[in-house]
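Let me begin by handing over the structure; questions about it come next.
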Amino acid sequence: MLAEIQLKEIVEQISNHFKNEELFHIKTGYQMPDQNAITHILLKIRQILFPGYFSHELSCDAQTEYFIGNHMINLYNELAIQIKAALAQYKKEKTSEERIAEKTDEICSSFFTSLPHIQTLLIKDIHAAFDGDPAALSKEEIIFCYPGFFAIFIYRIAHELYHLKTPSIPRIMSEYAHSQTGIDINPGAEIGEYFFIDHGTGVVIGETAKIGNHVKIYQGVTLGALSTRSGQLLRDVKRHPTIEDDVTIYSSASILGGETIIGKGVVVGGNCFITESVPAGSHVTVKHHDISITET
Amino acid sequence: MLAEIQLKEIVEQISNHFKNEELFHIKTGYQMPDQNAITHILLKIRQILFPGYFSHELSCDAQTEYFIGNHMINLYNELAIQIKAALAQYKKEKTSEERIAEKTDEICSSFFTSLPHIQTLLIKDIHAAFDGDPAALSKEEIIFCYPGFFAIFIYRIAHELYHLKTPSIPRIMSEYAHSQTGIDINPGAEIGEYFFIDHGTGVVIGETAKIGNHVKIYQGVTLGALSTRSGQLLRDVKRHPTIEDDVTIYSSASILGGETIIGKGVVVGGNCFITESVPAGSHVTVKHHDISITET
Amino acid sequence: MLAEIQLKEIVEQISNHFKNEELFHIKTGYQMPDQNAITHILLKIRQILFPGYFSHELSCDAQTEYFIGNHMINLYNELAIQIKAALAQYKKEKTSEERIAEKTDEICSSFFTSLPHIQTLLIKDIHAAFDGDPAALSKEEIIFCYPGFFAIFIYRIAHELYHLKTPSIPRIMSEYAHSQTGIDINPGAEIGEYFFIDHGTGVVIGETAKIGNHVKIYQGVTLGALSTRSGQLLRDVKRHPTIEDDVTIYSSASILGGETIIGKGVVVGGNCFITESVPAGSHVTVKHHDISITET
Amino acid sequence: MLAEIQLKEIVEQISNHFKNEELFHIKTGYQMPDQNAITHILLKIRQILFPGYFSHELSCDAQTEYFIGNHMINLYNELAIQIKAALAQYKKEKTSEERIAEKTDEICSSFFTSLPHIQTLLIKDIHAAFDGDPAALSKEEIIFCYPGFFAIFIYRIAHELYHLKTPSIPRIMSEYAHSQTGIDINPGAEIGEYFFIDHGTGVVIGETAKIGNHVKIYQGVTLGALSTRSGQLLRDVKRHPTIEDDVTIYSSASILGGETIIGKGVVVGGNCFITESVPAGSHVTVKHHDISITET
Amino acid sequence: MLAEIQLKEIVEQISNHFKNEELFHIKTGYQMPDQNAITHILLKIRQILFPGYFSHELSCDAQTEYFIGNHMINLYNELAIQIKAALAQYKKEKTSEERIAEKTDEICSSFFTSLPHIQTLLIKDIHAAFDGDPAALSKEEIIFCYPGFFAIFIYRIAHELYHLKTPSIPRIMSEYAHSQTGIDINPGAEIGEYFFIDHGTGVVIGETAKIGNHVKIYQGVTLGALSTRSGQLLRDVKRHPTIEDDVTIYSSASILGGETIIGKGVVVGGNCFITESVPAGSHVTVKHHDISITET
Amino acid sequence: MLAEIQLKEIVEQISNHFKNEELFHIKTGYQMPDQNAITHILLKIRQILFPGYFSHELSCDAQTEYFIGNHMINLYNELAIQIKAALAQYKKEKTSEERIAEKTDEICSSFFTSLPHIQTLLIKDIHAAFDGDPAALSKEEIIFCYPGFFAIFIYRIAHELYHLKTPSIPRIMSEYAHSQTGIDINPGAEIGEYFFIDHGTGVVIGETAKIGNHVKIYQGVTLGALSTRSGQLLRDVKRHPTIEDDVTIYSSASILGGETIIGKGVVVGGNCFITESVPAGSHVTVKHHDISITET
């Protein structure tokens, strides 16, 4: 057992680090956003947008509107609590409580109004997944268990909130998707319609990446920055590539740099490492003489 | 707060998407398979096959048979509920309820009868892991916390159900393994004895891949298709490679194509990108001149 | 339904595998370490080191010391139970119960005494992350949801216990981090101050790797062994590279071998595959002519 | 520890009692009604009939209908499962599955159609409680925490199901009320409007009791049978008293016998023991000379 | 299944009752007090006042103050939420939000300041129980499982809050005790030191009862009102008896009326029914000739 | 908010009461028995003795022995933990740890060996309940929801442990029954075969009461002591009555005193108050002239 004196010392040291180190100054009296609550909100939104898939609560057609209406209002409140907490943590000194409440309401209203549009986009993503994966047995299976689709679903939710300038919450959402699927899409990225990620583990899509319509990418693909050594100075610079419509990028390819543009219809082969633009319509592949085979 | 009118509109839009869009037509009156229940089944099977490792319930040797017998019958029923739900969702219009019940029973009986054989295969996989990893302190540690072994365990369960033509459930199982370990093994793949995956994050093994005995692979290895642009037309074609006995594949190597055969005893070096067959006994490595070192 | 006879047979077969196969001999009468309890301990330590971030329990400054003191003593006991279980499973036959209790107390006391130091290291890691990532909006966000930081936090805890020769538990901890973040850092690795991993999925850092101060690495980086074909014979050999101070390693680079040294200040470009030492100050990049672009 | 042989013996003895004793023959293959599920149903009905009192889910007026509609359909299904189980356990050999399903639907439909009427009765009971108890601060408090009102609420639900000839479930409901409040109202009793029980512990109201409107009773009151020594032969005989309108019965009074009628407006004093009818308008009291006071 | 039309009708009827009936007007936008939260608060207070008895969290003496301090601050906040909700539900129209917050703080501060005094009273009650019950094996057993002591504990907490004019919450607390123990003590009653209730089921102690020191009562005892027919008009009248010091009241005795005084040292025998004062020092018993024994 | 100084003071006062007051000295380093764990044990025993009634786990006859055997061993361990904790709290200073472990094992072994006998007694109690209650629809209903039977079940378990001289646990068990059913049977009482309690609320059966076979009692019956004013001096004296075979005691009768014997076959009417023996075969009733009826 720790001696009583020893215990007091350890407690004091840890407590003092907390008090002295500027970085730990959370604003007392305001809640921090709650990761579990945010996860719960995401899963509830999924239940609403795909009624019957993830909830035993829905048992007949007559119930559909009641089900959606009932949960949506609760969702509104749950989300408002989290957004308010996030706005309060990052508010400037002079911002009043009233302004935060008002801002919360503006964000929430806009977000919920955009839900039917997000649902429409997700339906298109499901079509893209079914058309793009020979191993898919049905569209239901995609909704049910495709990690690529789950990551896109969360991205589309988080992107809307990012767009509405909600602090912290979009990132907490995207890191949840990251931890569940190994797919790391920054909520700032702009992604078009009919998007599909197959397998997905290791995919990274950076904050300023732009992706067109009908794009398909595989596991391990990075849409990254060339260098990040200038740190916080780069905050608002475009650091990640632009991918135009109808591009396919096979596994473990890396495409880097804010001025790199992959033109319409390009096919990027597995393991390619690209730091310059590629003209529309071309095929990029790793050269065959890179490998040596030695018989032993 | 959302105005009442605004709320009604959003609810109606979402509800109408649900009703109009053909893809959302789940068969009302039938349950969907339940992901949580399926996860629970997997973890229960693990408790039965490795009694004492994952359950405080087992406290002495005299209890072993009671423990296995008691849980197995419950498992039988829990699995039957899921299989029945899956069969009902994908049934053709004329298939009777009786036929589904019968089919459920056939699959369940075959599956449980094969459990001792699966246990035997897993014991061999544990030997392979212990022999293959210098960092392994004991065999218990492998059962306890090796993600590679966990993914193989789930694959062997899911593959048996795939083999018995159970819809959806094998895929839900393999995506659970994928989300926990970053290892994505399609349940259709055929994998021999004494298989070992080290670290494992980013591994992808496609639906029609074939792997022999005593094969060892590392993180980031893809056994993939060359191209999947023809979509659903490729459903029954062999699209993934064949790996013969005693092959080792180091990290981030990609081996692609249904006609690519990696011969007995081949060693594939890290980051190799292979789209053609490699004769037995050879070593494949990335050429050294691929890298340029510039002093600054 | 399984016939009663068939059931008895399956139960007996599984039960007999359990009894015959040497590898399953867990020591009856001793508990196995419990993965859930260990996860719980990690999350509690995080609450103590970052008070107010992960617990609604802390509601004002006056409470801080009470909060830390109260939870620390419970943590001490929870951790002691797990360590005792681990020591008992791996004890030699002659080791007495008293010796195990004594050893448990030694490890626990040392571990808790080192907690303020670990907290100090983690504060430095947070500074490194904020300085190194243009997308980071605040230091709070890093503590809250950066997977790279979460993996380093768990590594620093697990490494201390590894250093104190605790069996099994450090590995169970690092595999938890691995499953949550896709980052696999062996608790035996030695890592300096101001360490940052961005995105992180697919990172592997081997048991005998050494990493200096101010090092930054990206997703998919492997610090691995050249070959592991000699299995358990390699247990105590240095098999993984040494990375000196101020090195940056971009995504999917592989650095292999126990004698490979990456000198001070080196920048390793994305996808590089390195098996030999690199002198201080140099830049390593993939050669551009590796890729062929074909217009179609 | 129990020796293995000893264990087997105890298990076999208990198991054989189970198999031999006729009374334990539950119908295998049918579920038993589930007490927890039934409790859950009762609490859900309370949420629906008093929206906003027992659920944080309801947050504005616009939600009320969605809330009721959504939960009611789920309740319908939950209740149907329990009723079906109860009907199956008590079915005669020749009753077909179809007939049970049909019967379940009939009971459920009638029950839900009567819910608005039950709500109306309960509102009247709340008025009676508020008017009758000087200690009641508000009507909300009665809904919230008066055990007498809780018991009456459950009685009115259980009585409707008793009336529809549902086996077992009404009794399970009334025993739940009994265990929570100490008030034991048999679901067969017939009770009028504006009924109030104060304090309530120890109240017993028998199966064939009849109670008029505006009746008020206190703790410890028994409306019981004179003798029950003939056991099952008495099943359909009126064994419990009739209480007419506007009667008050103070604490611990007992009124026994199927032919005993307490006339309109009677006041029964505390501790009275009554086995014969009392004419309308009279006051019944314990005689004062029953007590002797001895100074010591 | 309910037809869609039928469902709409039932939902509307219930919803309309809710909207029309005045009694259901809870103040929208304010939370109702939460029974589960209040129960939780009571059990937490018990953990603090009797450290180590009801929580595994306390494992050594050095932890005691940390334990109490940590939980007390959380309790403060949890209780404040409930008190605020209760004050808001019963506030007059003009009362401002600020006044409610202020009032909440006043009540909470006073309540917590009185906790050590309440603990002192409870310690005296434990002594009374041990001295008064030959079946008590130890004082620990009394703290642990005597329902009489549990009811007194809750009474002393609820009485303090009643005294501070907290609406609703004291009654919710006393009804919790009532439902767990069958002992119904109105929080308004005034009870002296060294109080003991044995067995307790059916005990009722009214709002305006006064009880001296060293009083002992048994199951089924009522300290009630003579008549309550004037309803709400009696709200502030003394309706229940006064019991002076050193009185013992045996099982099922009833003492009624606001002017009835049971003098110092009186012993009231079982089943006595008393509506007039009894002089100090006397014994009250049921007369023996009340019973007739008939040989059959 | 409490000021920091004020908080410290309250914490210190409560903490000091804890340290100074002798009665709170629980033996540090030993666990207290855990009420929840003991409740859980009781409910598990019920599952084992009535397989299929209270657990969905049992789904076919082939499973019965596995089910009982598996749970029984866990129960053995769970009960042993509680018994050891109870023995340690009450041990004399010199008793060694080994002796406690030994004693725990003796009690547990005896207890489990007696379970089949207890099951036999309970089956007889069910027959008594069915024969004695005209409102009982089936024997299943009695097992399922009769509070009288539940109280007797717990009594029979607690009595066996009382008989084996287990401290505290039997009382914790009987107080659980008391809180659920309002029936308070001291575990020391001796009760014969075919015992039935109808309704039950308010029943009290004292520690030294003796009850023969085929006895039936109703709600509110007290088998109590005449006076308990000598406190702990009465600990081992017979203080409660003896009830011979075939006696019926109707509601709210009180029978008091250790030398009071109710002879074979006696019928005691409701509300009788008896302090002297009654010869076999007689009927005891309240005299009719006790009540006065006044017309108003």
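Each chain gets a letter, A, B, C, D, E and F, in the order it is written, and its residues are counted from 1.
By our rule, contacts are C-beta pairs under 8 Å (C-beta built on N, C-alpha and C of every residue); 3 or more make two chains touch, one makes a residue touch a chain.
Just so we're clear, the structure is a prediction, and the values are computed from it rather than from any experiment.
Novice: Given the touch definition stated above, what is the smallest step count connecting chain A to chain D?
Specialist: Counted as steps through touching chains, the separation is 1.
Novice: Using just the Cα atoms, superpose chain B onto chain F and tell me the rotation angle to the nearest 5°.
Specialist: Result for this pair is 180 degrees.
Novice: If I compare contact pairs by residue number, which of A-D, A-C or B-F overlaps with E-F on over half of them?
Specialist: Repeat of the E-F interface: A-C.
Novice: Same or different: at the chain A/chain C interface, is the fraction of residue numbers used by both copies above or below half?
Specialist: Chain A vs chain C: different; shared/all numbers falls short of half.
Novice: Give the chain pair, either C-E or D-E, that is connected by more C-beta contacts.
Specialist: D-E
Novice: Using only Cα atoms to place each chain's centre, name the chain farthest from chain A.
Specialist: F
Novice: Using mean CA coordinates as chain centres, what's the gap between chain C and chain F in Å?
Specialist: Measuring from centre to centre gives 52 Å for this pair.
Novice: Rounded to the nearest whole Å, what is the centre-to-centre distance of chain B and chain C, using the mean of the C-alpha atoms as each centre?
Specialist: So the centroids are 25 Å from each other.
Novice: CA centre of chain C versus CA centre of chain D: separation in Å?
Specialist: About 58 Å separates the centre of chain C from that of chain D.
Novice: Can you list every residue of chain E that touches 2 or more other chains, as numbers and ranges?
Specialist: Residues 1, 7, 60, 62, 65, 69, 73, 182, 201-202, 220, 252, 271, 286, 290 of chain E each touch two or more of the other chains.
Novice: Please name which positions on chain B make contact with chain A in the complex.
Specialist: 1-2, 6-8, 10-15, 17-19, 21, 23-24, 26, 28, 31-35, 89-90, 167-168, 171-172, 175, 178-179, 182, 184, 186, 188, 201-202, 204, 206-207, 220, 222, 224-225, 228-235, 237, 239, 252, 254, 256, 271-274, 278-279, 281-287, 290
Novice: Looking at the complex, which residues from chain B come into contact with chain F?
Specialist: Against chain F, chain B makes touches at 57, 59-60, 62-63, 65-71, 73-74, 77.
Novice: For chain A, which residues count as touching chain B in their complex?
Specialist: 48-53, 56, 60-61, 64-65, 68-69, 72-73, 76, 105, 108-109, 112-113, 115-116, 119-120, 123, 126-127, 130-141, 144-147, 180-182, 198-199, 201-202, 218-220, 248, 251-252, 270-271, 286, 289-296
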